Amino acid sequence: MVALILVGLFALAPPTNVQALDTPGDGGEAITVEWQLSPDDNIIDGYEIHRSEDGVDFAMVGFVGRSRTRYEDNTDDGQEYYYKVAALADTVRTFSESSPPALSSPQWFNNSALILLIAMLIFGGIILYYIYVARKGKELYIRKIAGLEAVDDAVGRATEMGKPVLYVIGIGTMSNIASIASINILAEVAKKAGQYETPLIVPHSDPIVYTVAREVVKESYTSIGRPDLFDPDKVFFVTQSQFAYAAAIDGIMVRERPAANFLIGWFRAESLIIAETGAITGAIQIAGTDSVSQLPFFVTACDYTIIGEELYAASAYLSREPMLLSAIKGEDVGKMVIFAALGIASLIGLLTRFPILTIFQ
Amino acid sequence: MKIFDYLATIDRRIIYFILAIVVILPLVFPRPQSVRVMTPAQKLFEAVDSIPEEKVLLIDFDYDPQTAPENEPMAIAIIRHAFEKRIKLAALSLYVQPLGLAVKALDQVREEFNAQATTYEDSIIYGRDYVLLGWQPPPIVPLLGLGISISGVYPTDYYGYRTDSLPVMQGIRNLNNVGILVSVSGGSAPLWWVAYSQVRYGVAVGAGLTAVSASEFFIYYQTGQFTGLMVGMKGAAEYEEMVAQLDVPGRRRASEALGSLTAAHLTIIAFIIIGNIGYFVRRRRK
Amino acid sequence: MNISTAFWVWVSALLSLCIFSFLYKDNPFYKFAEHLFVGVSNGYLVTLTWHGVLWPAALRPVLFEGRWWLIIALIVGALYLTRFIPRISWMVRIPIAISMGYSSGAAIPAVIQADIVRQVQGTILTPDNFSRWNAGSAGVIWTIILFIGVVCTLSYFYFSREHKGVLGVTSRIGIIFIMVGFGAAFGYTVMARISLLIGRLQFLLGDWLGIIQ
Amino acid sequence: MKTRIPLFLVLVFGIVGIIPYYSQHPIIQGSENFIRNDVIRIVAAFALILGLGSLLRVHFDKIRRSRPNWQYSYVLIIGFVVSSIIGLLGGRVGEGFLPTQIGGFEFHMQVLFENIIVPLGSTMFALLAFFMASAAYRAFRARSLDATLLLVTAFIIMIGLLPLGDRISPHLPSFVQWIMDIPNVASKRGIGFGIALGSLATSLKIILGIERSWLGGSK
């Protein structure tokens, strides 16, 4: 009520400097109306936006609340519009001057996507640079993953106990990065097992992964001069059914009593059955996967777990393959960029009044 | 300590039997369980509740039979909420098996309301109150197509009607006319709605998640990319609680399960503790 | 206890028991149920693909709605079938290239914006993020802990330097955050698995045997 | 020719996928929309049937060579053929011309879905609760500091999620929410950055023709 009495005595001051311009960087059909707050902003209800096609008769097209200075109006391209903004208090309104005519049109670049473009160029550039560098054969350093020491110890222990080693690649196909990484680690384990003449059992659930793994194991044995060690019955295809595969591996664990189990690759819920039986038979278990939902169970059921990206790093470390090395290095530098962005943006966000978050909108 | 040697070699099937009993008893002898509504589910409820008259609620059914026990109570709770408040509802799915479950859930709730309805106005009519748009693979087609034109992606709905001809779709052109898009999912579809549809068209996204992948989704809730979340059967029970306050009929399956959930959780914790005691006793003896 | 008399309820219940029999051991009932599941699921896929996609969105527009240019897309799609013809099986790469190229392209800006830019935005130390928790001054501490957790977890997955010195300390802190995160996932997964069992028993005890109302 | 055309196509359609994020111009949005709705959709529809072809071939092969469990392949094939006929000719909800109802007894596709696919699928995952319980008892050990920290957090969450947790102390559910909102988000976001950079690298390499494994065996 108080506002009304005040308003009754003096006329409301209208908003000033009303501007209308084509909304930048959009697909057209939109005009942004901007104005300066009316001096009576704190006692009014809000602002009404009125539009006219000939500058004479206006009709209301929108309303915004108090202390707002912007409104986006849907328009037809190719039609000129005039705008007036009225300060509104209950039923009393005072109009501003009319804005100059404005015309909406589409633009080719959406400038609110500028940050996205810069980020794409930075990260894309880093990844491509390291592919180029790796292809030229430049030496790229990667630290040794702690998990790989655990692999050597496990094979050593199985040899002492004269028991076989079991290597489970999981239920992934060749399109799972984890399966491909696991095959590189299998090659290393096969070499180690060959040196100690310890039997290596490798059951499979994907026919294509099976054919690739067979060649890899055979090639590992030949590379240490022991092609005779390759036993086709030890590297075999079991079944494509998720739970039947897990049940079959349990059977092998109970019968053959391997002293070291490697569960490395792509797993889903069947990982529980395999890891459990392995724990009961008392074998050393090394797990490794990038399926985040299975990692908690491997951590509690196995002796050592290679977590997510460590699996890719281990595979790159062992195979020294340029594409894998370039991926790890490129992603490492990408992480440096993220560290830097977090640090700099936080400094700006803390020390200055600049609304840093709008940059990342 | 022979007791721990015996305990260590218990046959696996005994453990299965114990778990079955522990879960069945609270179902046969239910005790009412109250559930406290947490903020993620509260925000989702408020977002759906405040959908304006001219906008539509879009539900993406992305759960298959494997996670139906967790996700279906969520979907049913939201559908009841929408029908009770007369919010216009459009449903779709990115995969084929969830579509069958969409038909099942929508039919069930429609029958629940029509059983109580007396006049044409307060009953639920397909085409007037809701539409099942159906399934158009591959997922990238609806994920990026709905922002431009819904009928472009779904020229006809699941039952073969012309989408644009349905009363519920009048004035609904694309995602700008969608109040909120809720993805009830057993997988990663909610992430795609955020990464594809929200990044390009800015639609508000909520999710009903299986508890397995829930921990990875909270990063999108903290930034506000997800407006609200229902997580696992407990999240469903929370939403059922809020919908019940609108005195909507129908069984609350998630809330009925809370007794068994409590018993099972305590049993699993007991199993882990006993197992570990045995483990440490045997390790010290070695 | 009024046992259901509906034929289909009995079919559902018996098929559920076939799967549960795997708990005793792998047996013919489980194998039968598993193979039936794969068979009927693919029958459902064929049905939905024809009624939902091939007819309304591909064949009918060309044959009856005169949108003849869709024939080009139909021909390109048909190239998938050349996989079974050895001499021209390389042509299957054309439809694969189109689908894979488009989905890879559409993924790049989506992943950058949703999984990198917005995640950085949610972690920055700034008053707007402090107030996001609407926990008053405690919000400052939560945001700092979050910031430290993200940086330390990220440092654990840094492979270009040994985990020694500062990097050794940050990765130690990182693994603590990772383990708490796994604990949270573990707890929620237990709830998920149990819920799935409860859901099945609600059907068997309720709809089938009528023990629970 | 066999590789240059596919690599050219993967680059062109990759760019078609990227551009609409950076320009809202109606010409760009409209043409990309046409390519997605009319080209990508129809091309991909054929891929759905492809997987089926290899599945049936595996099981016909199993029967012909009478490999172990070949009898069950008959169950699979018969189940597939019968359900396809009912579905294709009988319609999705029985609207087709093949009658899918005898008296009160209905057997159209939606009925088969709700009474064969749903029970089998959901029971398959209900088994996991039993495997979880057994593994909890026999395998989940606090064998290291990391595993101990994991199990303690899991216990807090498991109790805090229950109505029981709320009765123990009203702060417990909010503490669970705190764990999910702060430490969990911190670790999953840290892990997420690595995964995001990895998938970005993979998509980029596919479009630029550096990653070629999808070209398949035959060069």
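Here the chain labels run A, B, C and D in written order, and each chain numbers its own residues starting at 1.
The rule we apply is simple: contacts are C-beta pairs under 8 Å (C-beta built on N, C-alpha and C of every residue); 3 or more make two chains touch, one makes a residue touch a chain.
What you are looking at is a predicted structure, and each value in this text was computed from that prediction instead of being measured.
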item: Pair joined by the larger number of C-beta contacts - A-C, C-D; value: C-D
item: Computed distance of Cα centres, chain D from chain A, in Å; value: 17
item: Centre distance in Å when chain C and chain D are each reduced to the mean of their C-alpha atoms; value: 5
item: Centre-to-centre distance between chain C and chain B (centres being mean Cα positions), rounded to whole Å; value: 14
item: Set of chain C residues in contact with two or more other chains; value: 22-23, 34, 41, 44-45, 48-49, 52-53, 57, 99, 102-103, 106-113, 115-116, 118-119, 121-123, 146, 150-151, 154, 157, 178-179, 181-186, 188-191, 193-194, 196-197, 199-200
item: Touching two or more other chains - residue numbers and ranges from chain B; value: 16, 19, 23, 66-69, 97, 100, 136-138, 140, 144, 158, 160, 199-200, 212, 214-216, 219, 222, 232, 234, 261, 264-265, 268
item: Two or more partner chains touched - positions in chain D; value: 18, 21-22, 29, 36, 40-41, 44-45, 48, 92, 113-114, 117-122, 124-130, 132, 134, 136, 138-143, 146-147, 150-151, 154-155, 158, 161, 180-181, 184-185, 188-189, 191-195, 197, 200, 202, 204
item: Graph class of chain-chain contacts, one of line, ring, star, complete, other; value: complete
item: List of chain B residues in touch with chain A within their complex; value: 212-213, 216
item: Chain D residues touching chain B - in the complex, by the definition given at the top; value: 20-21, 29-30, 33, 36-37, 40-41, 44-45, 48, 92-93, 95, 110, 113-114, 117-122, 124-126, 129-130, 132-134, 136-143, 151, 155, 158-159, 161-164, 166, 173, 177, 180-181, 184-185, 188-189, 192
item: Residue ranges of chain B in contact with chain D within the complex; value: 8, 10, 12, 15-16, 18-20, 23, 33-36, 38-40, 64-69, 97, 100-101, 103-104, 136-138, 140-141, 144-145, 148-149, 152-153, 158-160, 199-200, 214-216, 218-219, 221-222, 232, 234, 258, 261-262, 264-269, 271-272, 274-276, 279
item: List of chain C residues in touch with chain B within their complex; value: 23-24, 41, 44-45, 48-49, 52-53, 56-57, 99, 102-103, 106-107, 109-111, 113-115, 118-119, 121-122, 132, 146, 181, 184-185, 188-202, 205, 211-212
item: Chain D to chain A touching residues, read off their complex; value: 18, 21-26, 28-29, 124-125, 127-128, 131-132, 134-135, 138-143, 146-147, 150-151, 154, 188, 191, 193-195, 197-198, 200-202, 204-205, 208, 210-211, 213
